[in-house]
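Alright, structures below, take your time with them.
You will see subunit A twice below: alongside subunit B first, and alongside subunit C after that.
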Partner chain A sequence: MADNQTTEQTEQVISKISVFTPIIYVTVVLTALVVFSINYRKNKINALYNRQPFFKRNLPKELHFELRDSDPKPNEKVLKAALLRRGAESIRRTIKLKEVQPFITALYQKGSIGDDLYERYQTATKLEELEVQEIVAETEKYKAGWIPKFVPLLQEICFNEALRRRYSAIEDRKLDLLDQWEIKISKDGILEFPNKEK
Partner chain B sequence: MDSRYNYDEHSQTWPVFTLSVLVVTLIPFTIQAVSNAFSSTKEEPIVGEIKLDKVDSQIKKFRSNRKPSKIFTKKNLFILLGWLSIGALIYHISITEVKTQVSAFDPYDLLGVEYGTSEKDIKSHFRKLSIKFHPDKQRNLSEDEKLKSEEHFVLLTKAYKALTEETTRENYEKYGHPDGPQQASHGIALPKFLIEGKSSPLLLALYIVLIGGVLPYFVSSWWSKTKTYTKKGIHVETANLFVEKLLNHKPSIIVRVDTILTWLSEATEFKILFPNKSNEEIFQLFQNHLNRKTPISDDQLKAVAITPSLIAGLIDFAASFRNTEISNMAVETLKHLVQAVPESTKNELLQLPNVDQTIVQEQKIVRLGKLLTLGNEEIKKTLGIKDDLKLKETLDVATNIPILKLIKAEFKVPGEVVVTPESTCYISVKVVVKSAKHHGETQISEDKLKENDTLETLRDPYQIVNAQPSLPKSFAPFFPTERRGGFVALTSLQKDTKITESPAFFQKLSLSNLELTQEQYKDGSKVSVGTFKIPITSPTPAQEGKYQFRVVIKSTDYFTQDLDFPVIMHVQNPPRLEEVNYDIPDPDEDSLAGAVAQMKGEKVKRVDDDSDDEDSEFEEELSDFEDINTDTEDEAEGN
Partner chain C sequence: MNINNINIKNNNNNTTQSIMSLPITYDPITKIISINESAQNDQELKEEIDQLNRLSKDFINLNSEIPESPEPSKTLTPLIKKLVTSGIDAQKRGKHHDAIKQFSLAIDMASRRSRWEAFAIQLQELNLILMARCDSYIMTKNWIDAYNDADMLLGTQVNTPENFLRRATAASNMGRLTQAKYDLERGLCFVEDDERIKTQLGVVNRLIAVENGDL
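Presenting the complex of A and B:
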């Protein structure tokens, strides 16, 4: 008997529902979804903006821009030198990115790094490609057909700088290691080993 | 009765349903809890454990606070509440009467005959009953009683027909009732008071909260956790930091303990733990810890306590970037943090208890082994100990720090005599654990180094390693947590001195040799041999030849002499059976390895060291480009 009563009640309730109810329902759901998608995209773009670059400041690039846009224009030799510096830095970064690519991929597959870093790495690679294209275009401005000679030159500069850095670091490394091993240098330049038995 | 779902009106079913769900979940939990409680009580002492209690009272307090209470856990609370509700449910079920709604129709019972009575007997029995119960035969009955007796007679006739007549019998057999199919009813084991009446909005609200609130919350928090923490358990931001540091690291700069500590101090974990502290302040906490500054602050203990997991992460990254120097230094830093010893050449002595730091620094002695060749009085002088009792403590620790001695290291392919091309291999390292008090060589018989190739070991070559006893807790009185350290093996390629494998951690090794006397150690019959197996993930090269590797095995907790040895992967095609040549020649006298071995006056290691002449071949493989790659570091910015 009780069951019959409840069915009657529900029938009454159903009859009260107006035409607007489904419309309101659909509008509410749609607005919620639209608001969510707008916010989501906004956040994603913001995250892209705030993404930290992989490398530190690119000083040669900034220098080249500043010289190129300065008024009055400096000597063309100065501009070429700045471009060479910028190119060498770009080569260095490209090589570095290529070098770490297998490491980053392996780490990503292992789950040791998050999606964010992997995406950052890919963005950095793309940016570097763009930078190389830009430099090539810039080179063409100075002298058509310079590229085949220009790129090997950049490589040479890059490698030479690397060697130079190594060479000039030897003295610092020596001092650092002596400090670590607690070895002192006496006045006449002889190494004094603290733990050596006499 | 209609065919709609009906709820549990008399509260008969839902308690039983809830009870069975509870029992099914609770019993496994309870068994686990009980077995845990029993297993933890009988913890056996591990051989070689240093039991000396030198822990500062504040660190002790910190340690006991971090240890979760064994009795008052959420799990135990759940088990307790679960059993209480089981009790309540059983009580509830026992006091409610079971009202069967549909009485089962049993013709034998109605007629009062036994099951399986023959049709003939049933007929005669029914005849007797019909005489007795026929409504026409009943007199002097009220209206009500008449109705009842009629009903009863109808039932009797039905039962009789069910057993004798063809169609009724069929109905009875198919549907359990002579009248054919009965109304089916489906019950839901939810108490009726929840569905109807005042509490129904409450139930609806509960549903909404569960499906719309609680479920998404748990899923999203789980998801964000997998997003914010890597599989190695470090924060994603910290992982980014380490990758950046490695990417921008200049090989020309020497990595030292302070370098690693600076990197660690920038980890996001510390920013979460101490939102108000700068990187420098965290670095200062590390320094205070290394220099054993008192009073010890709670922040310092908290900060140092999480460093091992960060360093493990850093080692993982450094090894993935194939950087040998940083990997090595990260392990060193871990040792420094565990023993609370600043960077110095006298670490082996400074890690001992009761020593006077300033006196030790002035001494010439560096190694533990050297220290233990001295007489007691001299040791006291060297370490700045005045008390005999304290000296005993110190020596107890000094002699129980395990030192590894390499016996044999070789590449192995399971089930093969030689290292075959393109196969999975591992480096098998045989070591002897010795105490600093043991001097000289030990005699290890060949059969101790042999491993029997059974089907089991072929399937899992690492079984032998895992079957060794666990290492005891480390002696680290200044470390905020109790530690069970171990050994880490770093494998690198000789040709470019870069790491090739992810670091292998070992926490199993028998320390029984520490209890041997010097004579027993020299004799060697009681000396046990430990095994490490370092898995090599990439398959062996397809080309035959010799490939040089370098393996460094470091203790993660103690300052001792690390093992650092070359191993040669001699890839060759499997020999034909009659041509097997087991002899591995000793190093040539004119080769570098042979000369070094002779100068040391050592027996030449049983590592296959016979390939120096072939070094040049592999050096040539180095292309210029590869070499330059590593040289190009980020230095142009000068920062």
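Presenting the complex of A and C:
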């Protein structure tokens, strides 16, 4: 609208105008826009590349890729186990994301956390959705109609492994606690308490 | 695919390790994945590979293509129960060291269950054994182990006041009086008039007063 008006005004003042002027004008504007959009996208993708992920590296997924694409192909059951592990990890991440969602939202609204963390959270959520879709597709490759059987197993595996991990951490925790509380173990295995009279 | 690439790149940035070259070797005969010498220090990868090997072993031992249901194994359940009952017997006879051995064995046996067996059942089983083992630790005055067992119990089962009593007993005997006091008070929130917790709280309060020089 504004452009049209200016063109009309210029036409009134200057009687003769080259045919190329509007073409050059449009070209310049378009080139500027294209250059801007290319740069903008590049920056955005770079930012995505360099953004610190919300979770640590997804080892089960890496392992599954590695085994699936390795040559010769591993036993099918091993591959299936790797897929199950990948699914269990995805369940764990989905649960974690859901767990923190109310807090992240509340903190973000209050301004306690910055855009960066919030965006990382949102990217993680999107990635997780895609990951679930990919796992579903992979499962269907093994045998159609396995999903209803697969998914309940994933949850059990995820929880059971968490439980076992916690249990096997008992020994390390013990040493850490003793260290933290400055309790020493004497040679015959008796604890020496620093703040207790002998 | 695009998203995958981004993910790969991210991983690259953090760990300087590309997705396609994890330091692992697969043995087609034993069907076991092992970690290469170069990456022996990577605890995370080690743990993950252990978990995967366990799961694939469970899978290979399974006759059907996929586990039909998360029902617990029928062969392991009686074995575990037997170990637990013999542990409890030893506990009743006052042989706490034997009892602890039996309970630890039972836990090891329970961890041999396939990972897809129902979690609710596995959790309950582990909790029961841990409670019994914790009591035996307390009886043998092995406070740090008792504390650790009770700590895990409280992580999985908060609403049992006895677990607070267990952790507090262990903590107070290791001289961590304030912590014991908090635990007992939390336990009392679940059952207001539990005599054992009340008595223990009285003891702990007295100890704190002595430590502060008030008594």
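Following the convention adopted for this analysis, the second predicted complex is superposed on the first by the 154 of 198 C-alpha atoms of A that agree within 3 Å, B and C clash if a C-alpha of one lies under 4 Å from a C-alpha of the other, contacts with A are read in each partner's own complex, and residues count from 1 in each chain.
Assume a contact is a pair of C-beta atoms (placed from the backbone, for glycine too) under 8 Å apart; a residue touches a chain by one contact, two chains touch by 3 or more.
Bear in mind that the values here come from a model prediction, so they are computed numbers and not experimental data.
Asks: Would you sort A:180 into first (subunit B), second (subunit C), both or neither based on which partner it touches?
Replies: first
Asks: Would you sort A:143 into first (subunit B), second (subunit C), both or neither based on which partner it touches?
Replies: second
Asks: Considering only the touch criterion stated at the top, classify A:116 as touching first (subunit B), second (subunit C), both, or neither.
Replies: Only subunit B is touched by A:116; subunit C is not.
Asks: Answer with first, second, both or neither: which of subunit B and subunit C does A:161 touch in the superposed model?
Replies: both
Asks: Touching A:59, do we find subunit B (first), subunit C (second), both, or neither?
Replies: both
Asks: Considering only the touch criterion stated at the top, classify A:152 as touching first (subunit B), second (subunit C), both, or neither.
Replies: After superposition on chain A, A:152 lies in contact with subunit C alone.
Asks: For A:132, using the defined touch cut-off, is the partner it touches subunit B, subunit C, both, or neither? Pick first, second, both or neither.
Replies: neither
Asks: Quick one: is A:172 in contact with subunit B, with subunit C, with both, or with neither? Answer first, second, both or neither.
Replies: After superposition on chain A, A:172 lies in contact with subunit B alone.
Asks: Output the subunit A positions appearing in both contact lists, the one against subunit B and the one against subunit C.
Replies: The overlap between the subunit B and subunit C interfaces on subunit A comprises residues 52, 56-57, 59-60, 159, 161, 163, 165-166, 173, 177, 181, 194-196.
Asks: Quick check: in the complex, which residue numbers of subunit A touch subunit C?
Replies: Residues of subunit A touching subunit C: 48-53, 56-60, 62-63, 65-67, 69-70, 72, 74-75, 77-78, 80-82, 84-85, 127, 130, 143, 146, 149-150, 152-153, 155-157, 159-161, 163-167, 170, 173-174, 177-178, 181, 183, 191, 193-196.
Asks: Would you mind writing out the residues of subunit A in touch with subunit B in their complex?
Replies: Going by the criterion above, the answer is residues 3, 6, 52, 54-57, 59-60, 89, 92, 95-96, 98-100, 103-104, 106-107, 110-117, 120, 158-159, 161-163, 165-166, 169, 172-173, 176-177, 180-182, 194-197.
Asks: Hey, which residues of subunit C end up touching subunit A in the complex?
Replies: For this pair, the touching residues of subunit C are 3, 6-7, 9-11, 13-15, 19-22, 24, 26, 28, 31, 33, 44-45, 47-49, 51-52, 55-56, 58-60, 65-68, 70, 107, 111, 113, 115-119, 122-123, 126, 143-145, 147-149, 151-152, 155-156, 174-176.
Asks: Which residues of subunit B touch subunit A once you look at their complex with the stated criterion?
Replies: Those residues of subunit B that touch subunit A are 2, 4, 196, 227-228, 230-232, 236, 239-240, 243-244, 247-248, 250-254, 256, 313, 316-317, 320-322, 343-345, 364-366, 628-637, 639.
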